[in-house]
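Please read through the structure below; I'll follow up with questions.
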Amino acid sequence: MLKYTQAASAHDAIVRGMGEVLAQGRTAFQEYLFFRSPEAGVCIVLDGDIQSCESDEAMYHEALVHPAMLLHPEPRCVLIMGGGEGATAREVLRHASVERVVMVDIDREFVGLCREHVPAWSAGALDDPRMELRHEDINAYLPGCSERFDVVIGDLVDVQDFDSPAGMLYGRELYGRLRECVGDDVVVATQAGALGAADVSGHVHIRDTLAGVFGHARSYGMVVPSFFHMWGFALATSKAPPTTDAELASTLCDRARGRGLELPAVGVDALSHAFTLPRQIRQQLG
Amino acid sequence: MLKYTQAASAHDAIVRGMGEVLAQGRTAFQEYLFFRSPEAGVCIVLDGDIQSCESDEAMYHEALVHPAMLLHPEPRCVLIMGGGEGATAREVLRHASVERVVMVDIDREFVGLCREHVPAWSAGALDDPRMELRHEDINAYLPGCSERFDVVIGDLVDVQDFDSPAGMLYGRELYGRLRECVGDDVVVATQAGALGAADVSGHVHIRDTLAGVFGHARSYGMVVPSFFHMWGFALATSKAPPTTDAELASTLCDRARGRGLELPAVGVDALSHAFTLPRQIRQQLG
Amino acid sequence: MLKYTQAASAHDAIVRGMGEVLAQGRTAFQEYLFFRSPEAGVCIVLDGDIQSCESDEAMYHEALVHPAMLLHPEPRCVLIMGGGEGATAREVLRHASVERVVMVDIDREFVGLCREHVPAWSAGALDDPRMELRHEDINAYLPGCSERFDVVIGDLVDVQDFDSPAGMLYGRELYGRLRECVGDDVVVATQAGALGAADVSGHVHIRDTLAGVFGHARSYGMVVPSFFHMWGFALATSKAPPTTDAELASTLCDRARGRGLELPAVGVDALSHAFTLPRQIRQQLG
Amino acid sequence: MLKYTQAASAHDAIVRGMGEVLAQGRTAFQEYLFFRSPEAGVCIVLDGDIQSCESDEAMYHEALVHPAMLLHPEPRCVLIMGGGEGATAREVLRHASVERVVMVDIDREFVGLCREHVPAWSAGALDDPRMELRHEDINAYLPGCSERFDVVIGDLVDVQDFDSPAGMLYGRELYGRLRECVGDDVVVATQAGALGAADVSGHVHIRDTLAGVFGHARSYGMVVPSFFHMWGFALATSKAPPTTDAELASTLCDRARGRGLELPAVGVDALSHAFTLPRQIRQQLG
């Protein structure tokens, strides 16, 4: 039987049954594998890490995108860093106020593979007239960028070693450049590794880097069953966000209702409680 | 390297690193294994299924016990079905109104092993003067029982095949007998299998059986990281519970505050949102 | 990481690292997978069982083919049952006396896949003018067959359940039909499952069926490193073969030298000792 | 289910079902694990490597001991380096000419564990009056040793990294000291890692070190089913051994018969062919 094995922590692993391999190879930037899981539908792997699975990619992408979009009173201009599957763009474009989305994903070939093998994940978003899709290094793009972004979504590969080249994607230097090019009212959200494992230093590193650069950062989490983990995200703002979980939840709910936004996978209610992490996990995050 | 492998679904598996084996063998009723996991501390396995792990047993047991205890206005007399580790009793006894707890766990030897190897999990609860510990079959105990219980907690092994002998632990017959012996204001909670997998028919079976017998039943969930799943629970009442998630959350929070109850692992806030499942999971549960 | 897992016994398994998947799918008859193993080169899997691997397919195919070919004084006409990779035909054709080879492999598509992905394994054999390649069921072919074969090589998929349809490939009925259509001097060899595991009943079943039909049958074995086992074969004759291992070894060596046959993978010397199994394994085979 | 996973090569692994854990812990020198395998009986693991299994430890120990014992015309005094299970001593003592055996195994506690849990493996050998059992470092023992040994058997843990401290157990310095203290007619045999894998550099290193020190060294192999490999051994002599495989086999057979030695697991015949490795493996060994 074919199996896909992925480390779940330093000592534990997830072994997934594999059906058909849809695509496998190496672009100029990364190794990719698209396979069909009997439980989770098409799964996309980059450099040995599951990126998302058909069965609950919407839970992941809704949780990544909407807290930031809802915390901004009227997001017009949005930057997506990474986001190759196109599902992040799909979620961003559901906010009617959005006039322009710049998606910077270095890997043109991977974006093409996603269009071919999982077209429903972008659902036309990449061809939306509001969309500008750029295939370049985010580190090269940011310095010359003179746009004001209201919201920035980081949908880049997860990193274990923040001193590696990939670690720059979550580094102070990149976020510093981002801080310079975006406006003062920016809301930034990024994926930030699994929560609940014994070692959550990766999540803490990302959140604290964001806090250092933008002034305010919070952790939140959402169960993503196909990841076999509660997944972690970090949200940063320059202006102080609502202070209590209850106020934050109210703001998210009220704005979602005001914008007529439904979240088919997560639901507005569950999303609004995503900042209320179990106490033990919160304490572990410091 | 020693590994402990457990099915996570029909096609997927969790492989855990194992350190020391603390105890391994077979009682008159089940096979047991106590091992030390580098990530999750001591883990207890019965008949091939992880029961709980040191790192987050409190998240599991708080989630199992407190919603039911808080939904009852003044729980005095509590029945625990199973609960061998003693951690369920520990949580029940944290409510000051409790005068008497009957714990019926068939397996005297397993309870002894837990006292020996993980004494902190029961934390003295099994020796509390309010506690009556009976080692007999719950099916034999219930018919002759003439006590009125305010709250019943089902902490029995998870079952995949509800037509097997173990499946009787979640069957209409057992719950029917329970219904006869307890009072009309009873609140019942039980573990009810993992949520989020492709197949949640086990959870639905338990919840619907409870609903059929008691009149009202709801699903709720809590992330338990060492299970690599959001774990599911079912809560049943004869009287209608608060109708909206928000009312339910308020009731839980208010009563926890009123009783001075703190939940060190889950926290009162996260527990109060445990009924607000992500929409996709809720729909899957029907 | 991609892994290929295969049962090695009722309780043990081999987990192989996988590189590129060259081909994967289903023909009209079986599921196939061609993948590149970092250790063993291209590996071919049918219905979940490794068939052969680039690194040592020659050890397997030499051991399968040459004892039977050498025990016949002058093999002219050879029947191959199965043999889709074409490597069995390659080995058969190395005997200069061979005038005609009939290879009956039901699965035209699989033979085509092997030609495409591992052309070196057939090394032109399938296009040799002495070769007749028939894509039909061996059970359908045999009854109408009026040829006299000197040697028959069974290179069919391994079978665990001899009562299944695939089990017919090793059944008394098929071998009986074979016995009728071939001459009295036939030498028959077939793969016959792994040796050395706790359960060798599969091997014994095949060998004893052959003995019952042809009169004489012997077990032999060859280490095939990529199988992680000593692989078993059974050889049957109507006439009594040399009685001692030493005589058998001499016959094999003398004839190989007489025919100028070299065996690049196994070598003539090691092959000639293949019938001298370790005593414990011999006793296990009864 | 409990599993024991062991690397079988750089990319492949063997996963074994585990029953009862008989003993697990750490002596002053190594980590040990004794577990019951459903297929192979009691298995002994040291520092993560299977040492031997009940089902075929005799195949391993007969193959390790008897070629050296038989190549010496009359072995009286034998040195065992390592050999903690006591099974190597058991085999050595089956030669009637043996007057004295010195077994130097550093780990007194491990030898005690083997006496306790697998007493049949030593079968009383450790209490034989001809036996001297010393618990000290072989590197400390050799320099002061003034005995002449006829045969030396190396039954030490397998080593992957010959530059590690454990690598000294197979190093030129240790074998050099051994050469000085033993006589000129010594025959030395040692386990020497698995054969047949892509990387056999470990085996070659050991055999070539022996050849450099003693003058002559040869590789041989025996299938050990519970190892899922053909296991490799190296045999060294100061005097030239028989030159052809056939002469070597004759010598081994004749002497075994002369001494009335039966080999219940391997058999004399299969043992006598252990030097006739498959050609491809022989070429790989250089």
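A, B, C and D are the chain letters, set down in written order, and residue numbers restart from 1 in every chain.
The rule we apply is simple: a residue touches a chain if its C-beta (ideal position, glycine included) is under 8 Å from a C-beta of that chain, and two chains touch if they have at least 3 such contacts.
For clarity, every value in this text was computed on a predicted model and none was experimentally measured.
Asks: CA centre of subunit B versus CA centre of subunit D: separation in Å?
Replies: From the centre of subunit B to the centre of subunit D is 53 Å.
Asks: In whole angstrom, what separates the CA-based centres of subunit A and subunit D?
Replies: Spacing between the chain centres: roughly 56 Å.
Asks: With chain centres taken as the means of their Cα atoms, state the distance from subunit A to subunit B in Å.
Replies: Roughly 34 Å separates the two chain centres.
Asks: Pull out every residue in subunit A that's touching 2 or more other chains.
Replies: 5, 15
Asks: So how do the chains connect up here, line, ring, star, complete, or something else (other)?
Replies: Shape = ring; chains linked end to end, path closes on itself.
Asks: Touching pairs of chains, all of them, please.
Replies: Pairs satisfying the touch definition: A-B, A-C, B-D, C-D.
Asks: Contact residues on subunit B for subunit A in the complex?
Replies: Subunit B residues touching subunit A: 5, 8-17, 37-40, 55-56, 58-59, 195-198, 221-223, 225, 228-230, 245, 263-267, 269-270, 273, 276-282.
Asks: Quick one: in the complex, what on subunit C touches subunit A?
Replies: 1-6, 15, 18, 20-21, 24-25, 33, 48
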